[in-house]
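For reference, the structures are reproduced in the following blocks.
What follows is a pair of complexes built around chain A, which joins chain B in one and chain C in the other.
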Partner chain A sequence: MIQALLTVGLVALSALAVATFPRSILVFLLFQGSLVFVYRARIPEWLRWSLLAVALLFLMPAIGYFNGYYLEVATQVGIFVALALGLNIVVGLAGLLDLGYVAFFAVGAYSWAIFGSPHANVIFGGSGFPLAGWWFYVFLFVGLGAAAITGILLGLPVLRLHGDYLAIVTLGFGEVIRVLANNLDKPINLTNGPKGITPISRPPTPFGLPYGEYFYFLVLLIVVAVVIVNRRLEDSHIGRAWEAIREDELAARSMGVPLVRMKLMAFACGASFAGVMGVLFSAKQVFINPESFTFLESIGVLAMVILGGMGSIPGAVLGATVVTVLNLQVLKGFSLWLNELKNAGVTVLGYSLADLPTQFEPAKYERMVFGIILVLMMIFRPQGIFPARRRQRELAR
Partner chain B sequence: MDVELLVRIFPEVLLDGIILGFMYALIALGYTMVYGVLEFINFAHSEIFIAGAFVGVEILLGLKSAGLLDALPWPIVLVLVLIAGMAASGLLAVTVERIAYRPLRGAPRLIPLISAIGISFFLQDLIRLVESLWRNAFNLVYPTIDVLNLRFELTQTTDVSVKSLVVIAGALAMLGALHLIVNRTKVGTAIRAVAEDQAAASLMGIDVNRIISLTFLIGGAMGGAAGVLFGVQYGLINPYSGFIPGLKAFTAAVLGGIGNIPGAMLGGLVLGLLEAFAAAYLSLLTGGAFGAEYKDIFAFSVLILILIFRPKGLLGEVVRERA
Partner chain C sequence: MPDTVPSLFEARSVTKRFGGLVALHGVDFALDRGIASIIGPNGAGKTTLFNIFTGLYAADEGQVTFRGQSLLGLRPDQITALGICRTFQNIRLFSNMTVIENVLVGMNSRISLRLWDVLSHSPSFHRTESDLAARAVRLLDRVGLQANANVVAHNLPYGDRRRLELARALASEPALLLLDEPTAGMTQGEAGALMHLLRRLVADLELAIILIEHNMRVVMEVSDRVTVLDHGEKIAEGPPREVQSNARVIEAYLGTRGAGSRGARRA
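Right after this comes the complex of A and B.
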């Protein structure tokens, strides 16, 4: 009872605080923290889910009304949650370490970017493109299919590889996709090279919603769908087959698990989530170029999965949120704060901050954040923050 | 197709390929030695390599600002820089092993690999952080030593610079020294014993942990030497420029048969030559449709094909599957 009151109070208070101080990063972090608290608190299920629904469906858009940037952050978090859940299938459930995951995201993004922009005219001639806005919804499925097929194409040749060799080959595959995106502006101009593709059409929004809110709700819808699919998969015979492969390939095969089919299915499922989000990402950004699909992004998504706990759905959601918020808000916020202090001529222990080198920009240290997360998690808590139940038992040695 | 042009650039491309190949060979040794002993891909080796390049450039810049760069004879400067780069990278590799790999020994196979990826990313930004605070720049240029840029004419159309010769000589010396250490000394025997069977080696009175540290030290030092030579040869370095050469050197190690020291040298040379020829000839042969940009794809395709069709590499033994 006390916990129930506490959670309701905390959510309401933090939402109010965000409305009052729309510029304060700390307050927004408090709001996000209150949602995690709701998820973990010992309260009746109906209360938990209605609180989360109210917070995500009403409070978050309302906060976005006061400060549009927060809605953007929430949308980004949603995109990365879907990516982390997709990678979670490949790495967490099936135990295939994929270091080139962002390639599937790129496939989805380019599928809509090419056909949803005038760029397709360059390839096919004529002036029939861009496709009308409603095609976007069709392309959500086209992107899903294209990414799934790419996943199978990658999976086929590497099926025989295990563990670390597989990781390196998927890394190479991710780089190949990026290099292709960078250079396929000749002999046929498919991707427009490093210049990228723009303008990419957006779908017409229902009820005259502004695009910020529209993409937020669309991402939320997709994330909910992805979570449901993931939960259903986890306990299906497919999910169990994946976990069996992860634990012991030989034993799984002896028990009649069709290795080839299951591994390909893991690649295809994981890839398809990234494909859908890629389509959405390209429409949201209006402009894409190969810079959005680097190895850094793949490792970022991996860090999310590892932080939350491999094979754990709530873990992937939490990991994606924490890492995205760290990058988008904490690092940037620290940078801005430092700049303000610099401009104000503050001195710390006799050292004037204005003397800090200009090249020292805390916002640029994403890699260090990812690196520290990966190493510390591996050494101290390899099962992640919210371990998967089965995994927890396995690692309890 | 301009056959005459193809023939004319051949010696130059060959030379480029050999230099690149020796560079890959030196880096590949770090991967292959560690893999031989621990069956583990030291993903952070590319940063250990570039750390050597940074220590080298710092010393050269320091000497330059002290006015000693032109005063001291250039071979002494080079040897000094090489030794410093090797020491720094070797110690870095040992530290990394101690902190991030040793606690994970015996864990499921992917766990140390993920830790190594984390260290790799951490080191990239750490180098950037240190250089940003110290020099307010992290894209650094190796100071030129005039003697190194002198060029000898080989044929009418080809010439070779002193630094290319120095790089080749340096790489050869390193590879030779390593060969002697591994095959002719007691320590080398111990390293080979640990690679063969850790449990049996420890029963024979070999301190396995020390030998593993030593392996990282030697592999790291080779990487550091490669870093300094990389800086001398190509000039511009930044904290992220170790990643792609590292990946390619790993490819070279796999190509030669991972865990196999002569294999890494051979694999490095083969990959360097393949890449140099791909970079030079791809665009000429396809009429400009595909250019040198595709040389990375080329190297990765080699890796994928080798792993699929001949996972033991050119010289390798059969790779054992660890349970």
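Right after this comes the complex of A and C.
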């Protein structure tokens, strides 16, 4: 009861605080933290889920009204949550280390980018393109399918590989897709090379929603769908087969798990989530080029999965949130703060920060701090923030 | 065995080489019902034989049939689906999954749900899942693990892990069960209880069992027939009493004075 009041109070208070101080990162972090608290608190399930629904459906867009950037952050978080959940299937459940995951995101993104922009006229001739905005919804499924097929194409040659070898091949695959995107501007100009594709059409928004809110809600909808699909897969014979493969491939085969089919299915399912988000990403950004799909992005998504807890859905969601917020807000804020100190000429231990050589530019510490956080996490909580918990079955007799 | 009706399981002149080493040399084996044991010194090729029977290895020569159908070239999961399942000498459970989940994985080849059933939670999904869970509980009951259904497998004591492996193998509804040293590391009492269980399984489920076993007391007590392998060759086969007194078997196991270094090494 006390916890229930406390959670409601905390969410309301933090939301109010964000409205009052729309510029403070700390206050926004408090709001996000309150949602994690709601998820973990010992309160009735109906209260938990209605609180989360209210916070995500009403409070977050309201906050976006005061500071549009926060809505952008939330949208990015959602995109990465879907990516992390997809990779979680491949790495966390099936135990197939994939270092080229962003390739599937790229496949989805380019599928809409090409047909949703005038660029398709260059390929097919005529002036029939870009496709009308509503085709975007069709392409969410096209992107899903294209990425799933790409996943199977990647899966086929790596079926016999494990661990390090698999990691290297998938890494190479990710690079191949990026390099293809970079160079397929000749002989046929498919991707427009490093210049990228723009402008990419956006769908007409319902109820005259601004695009910020529209993409936020769409991302939220897709994330909810992805979570449901993920949970259903996990709690089925398919999920159990994936985990069995992760635990002991030889035993799994001997117990009747069709290895090839299950591995390909893991690759395809994981990839399809990235494909959908890729389509959305390209529409949201209006412009894409190969730079958005580098190796670092794959590693970033992998870091989210590991940080959150491999094989755990809440873990992947939280891991994606933490890493994205760290990257977009906390570490940025940190380096801005250091910069202010520097510009103000604050002295530390008798040394004026204003004299710092340019090599020690505060902005350069962002990645280092992120790395330190990862290292500390792996030392002190290697199982991740929310490790996978075994489902306890009610045994009706 | 009558020649007209094909036996349940039949292997004919199975040969397997690893490089220059001949692991199995023209081994014949057939089983219709009951419990047949395969014994032999370490390195005699017993587990290799199992690996060929279950599709993990490909035989270089010979033929293996189950209910008249050839098993050579089939994948392990296809062989399991036909009705042959096994346990492993060095227990290979899915360590981070719960006891009941381990058993549920064993049922994989008996599940005909499609991806769409899983995603849409169709009525057949719910029906299948509750059937599976009920069957899994019954199996755990049989091997005496019902109280540990939600325990993560790597937390089980050793003897229970062996029992769980048995339950997991039974989950695929096999007609032929291959057990690789199921009593290894068990006390004589535990081993006896397990053999009693196997006898009941044979009676209740019309199961045929091939047993690889080092515990001679167990072998003599439970087997209908014993096959002895040595250096990849079958050196004796027959009822336990007969095999026990076979001169070649005694030589292979204990080594005789005239057997030289080979016998001495194995003693």
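For the reader, a short list of remarks on this structure follows.
The rule is simple: the second predicted complex is superposed on the first by the 363 of 397 C-alpha atoms of A that agree within 3 Å, B and C clash if a C-alpha of one lies under 4 Å from a C-alpha of the other, contacts with A are read in each partner's own complex, and residues count from 1 in each chain.
The rule is short, and it goes like this: a contact is a pair of C-beta atoms (placed from the backbone, for glycine too) under 8 Å apart; a residue touches a chain by one contact, two chains touch by 3 or more.
Nothing here was measured: the structure is a model prediction, and the numbers come from that model.
Contacts of A:195 after superposition on the shared chain: neither chain B nor chain C is touched. After overlaying the two complexes on the shared chain, residue contacts for A:23 are found with neither chain B nor chain C. Looking at the superposed arrangement, the partner reaching more residues of chain A, out of chain B and chain C, is B. When the two complexes are overlaid on their common chain A, residue A:171 makes contact with chain B while staying clear of chain C. Residue contacts after overlaying the shared chain place A:233 against chain C, while chain B stays out of touching range.
Shared-chain residue A:179: touches chain B; no touch with chain C. By the touch criterion defined above, A:373 reaches chain B but does not reach chain C.
Legend: residue contacts after superposition of the two complexes on their common chain; A:357 is shown touching chain B, with no touch to chain C.
Of the residues of chain A, not a single one touches chain B in one of the two structures and chain C in the other. By the touch criterion given at the top, residues 40-41, 100, 103-104, 107, 109-115, 117-126, 128-129, 132-133, 135-138, 243, 247, 250, 254, 288-291, 293-294, 296-297, 300-301, 303-304, 307-308, 311, 321 of chain B touch chain A in their complex.
Note for the complex: chain A touches chain B at residues 95, 97, 99, 157-158, 160-165, 167-169, 171-173, 175-176, 179-180, 182-183, 186-187, 295, 299, 302-303, 306, 357-361, 364-368, 370-375, 378-379, 382. Chain contact summary for the complex, chain C toward chain A: residues 54, 56, 75-77, 80-81, 85-86, 88, 92-98, 100-101, 104-111, 113, 115, 118-119, 121, 125, 129-130, 132-134, 137, 146, 149-150, 152, 168-169, 171-172.
Across the complex, chain C is touched by residues 229, 232-233, 236-238, 240-241, 243-244, 247-248, 250-259, 265, 390-393, 395-397 of chain A.
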